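Here's the structure, in structure tokens; my notes come after.
For reference, chains read A, B and C in written order, and residue numbers begin at 1 within each chain.
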């Protein structure tokens, strides 16, 4: 199962021009600032925004090709779209909402309602079927919206900032559940977000979008370490580690460990901004709680900043001034001491 | 979605004095004529008038005609409102202006226009009579048609406003879930604009109930067939003003009861 | 024929029945010519509407009604200055479309099946009179509609919606070529009497008296021209 799309469409402020290919089992996150055209891209794939030109195929089936006069209406595309603000039908009960897609496909009411009940159980809301959407919390509503879409068994799952409207504590729990559901989903998955952490935490591949154009595409590690522009560097150029926290010490999955202040025990993400990574010629004394030795394998000058990629345990990217590079006499292949303060490490539950 | 409802707790704003004065004048403007009607009502004979077969006949016909007109307006007016709100086609604004024209047209002129279209010598009337055997002038169907003509614009503009202010992404969501346009209309759009539909239907019904000019011009006046309450009131005014007052009061009571009842039940007014 | 030096002057307000519209407009103009310095203003409406307006305090000098009952209302209310005088009569006539397409020649023809007949409602004078004349002729007519006034009967026949109606001769005359009248024999006809009176609240009785006298004398020729008969 693969999605191949070249999307050229007119959006009010700009022209959307994106080419992408997503394989089954791959979760691609579309990342970009507000107004970059992320939602328009999803709407175009869903058939809600007509293409000016281009072509969208799913599993070899052409969904849209203006040149060939093909345009499958939304209701006949095997897609599911999850909205940022859920868009549950307020006049229907939770169960009727989940049954909606099944009923629209001609399933008998009783059968559809039974199936909807099973989906509600799967998203952890077995008792809420008779409630009206207005009485649900944000996290509950988005679970229902997810169940509503998954129940129709789509081949292409489009998620439009599904966590943006949730508060921080709800978001953590929802993200964990969402990842589980996405892992068991067999179709093509496309997640739109403006939150770099969310994108990197969940996706196999990132697509960075700005002003309707694709700036860069690659694995989270690739994009983090080789941001192709200042903009991308600012957006996603952070060090992201995954590990297990215990008594403020995070044992990293890829080797090494970090000490962070106030980390909750369990699986976590640790984020270290390159600007907060200090480099020393000799082993420093005192303040930094995390000190280890690494080798500079790459120096990348970007105007008033130099990004230094360092191999070690763990490997990390530092961002320093050109003056600091001169003072250190740093060059490719040099050994150098790395220091990160415990308070500069942001820890998120995974 | 589970936000605390703030509006319930905030204290009522205190109104500026000019607003209070003007609002009171506005209310008095509606209340005083009603008071005049009530004070002049011959209460002793009122009950007799009420039970008279003439009044009951006119009342029954009024309810039948106004409710039928509302039903027709719903069947024809909702698709029209949807077209105005959702489609763009050449001449849309002109067509829209034409369909709400009966709101500003003197109803008598509307009645004449209906005669010229559906009368015996009208554009379609002759054809209707010879091929289908349908005669509209001087029939109850004609009275219903006249009321529909005058009252439907109220439904169309109310429902159109509701459709325009609705979040159309609910329709998008329904379509991506596989619902055909027809299903989207029935299961999502119409339920979501239900308050507008009800408000439009009530306005339309009230206008139809009070319709006089177009009805008497197009359908004439015959007890039990085309003589609705307003026509009965007007003719009673010629011969028996007291009866006219009683009839007006009946019309008023029926419409007031329905409007208040609907408001509480469906519009969710506190 | 010379204008008198101490003759009436000022403005006169006359409430007159709708059916008098054409005739009284002419009479008013003639009167103003005869008495320079005077001005006659008319308020034309249904007799019952006018009677109701006067009872509610509308100010005027003269009331000319199309029937006696409405005049009686004002007399009983004590709003008249003297006894009313009948100044004109109006006969009924069958009104039909141009060329009389349904070949109607008598009241009896109105009972023919398939014929659409409209009458005035029994509550208004023309409907009351029409019922009387049909009763005299022993004809049963089920009208398609009981119209609120003569004008509505005329327009229904003029538009072709109705085949015939019963109205005043003066109305058929006023309609010109668009409509035709079929006479009703005198023995079956019901005659409407038009009384005129000076109102008690008249601010200019001298002028009001002069106008009433003018209607009763020279005005009669004008009235006859418009189809009214002399009492």
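Basically, a residue touches a chain if its C-beta (ideal position, glycine included) is under 8 Å from a C-beta of that chain, and two chains touch if they have at least 3 such contacts.
Remember, predicted model here, so these are calculated numbers, not experimental data.
*Asks:* On the document's contact criterion, could you list the chains that touch subunit B and likewise touch subunit C?
*Replies:* Both-contact set = empty.
*Asks:* What chain sits nearest the middle when you go by CA atom centres?
*Replies:* When every chain is reduced to its C-alpha mean, the one closest to the whole-protein mean is B.
*Asks:* Just how far, in Å, is the C-alpha centre of subunit C from the one of subunit B?
*Replies:* Chain centres of subunit B and subunit C, defined by C-alpha means, are spaced 37 Å apart.
*Asks:* Taking each chain's centre as the mean position of its Cα atoms, how many Å separate subunit A from subunit C?
*Replies:* Result: the chain centres lie 89 Å from each other.
*Asks:* Distance-wise, how many Å sit between the C-alpha centres of subunit A and subunit B, to the nearest whole number?
*Replies:* Those two chain centres are 53 Å apart.
*Asks:* Counting only residues that touch at least two other chains, what does the list for subunit C look like?
*Replies:* There are none in subunit C.
*Asks:* Using the touch rule from the top of the page, what residues of subunit B touch 2 or more other chains?
*Replies:* Not one residue in subunit B touches at least two other chains.
*Asks:* For a test of understanding, state which residues of subunit C touch subunit B in their complex under the given definition.
*Replies:* Subunit C residues touching subunit B: 46, 48-49, 52, 116, 118, 121, 123-124, 143-148, 152, 155-156, 159-161.
*Asks:* Can you tell me which positions in subunit B touch subunit A when the two form their complex?
*Replies:* The touching residues are 1-2, 167, 169-170, 172-181, 183, 187-188, 191-192, 194.
*Asks:* Which residues of subunit B touch subunit C once you look at their complex with the stated criterion?
*Replies:* Listed in rising order, the residues are 112, 115-116, 119-121, 137-138, 216-217, 219-223, 226-227, 231, 234-241.
*Asks:* Under the definition above, what is the set of subunit A residues touching subunit B in their complex?
*Replies:* Going through subunit A, the ones touching subunit B are 43, 46-48, 73-77, 79-81, 83, 86-87, 89-92, 100-101, 104-105, 133-138, 141, 148-149, 152.
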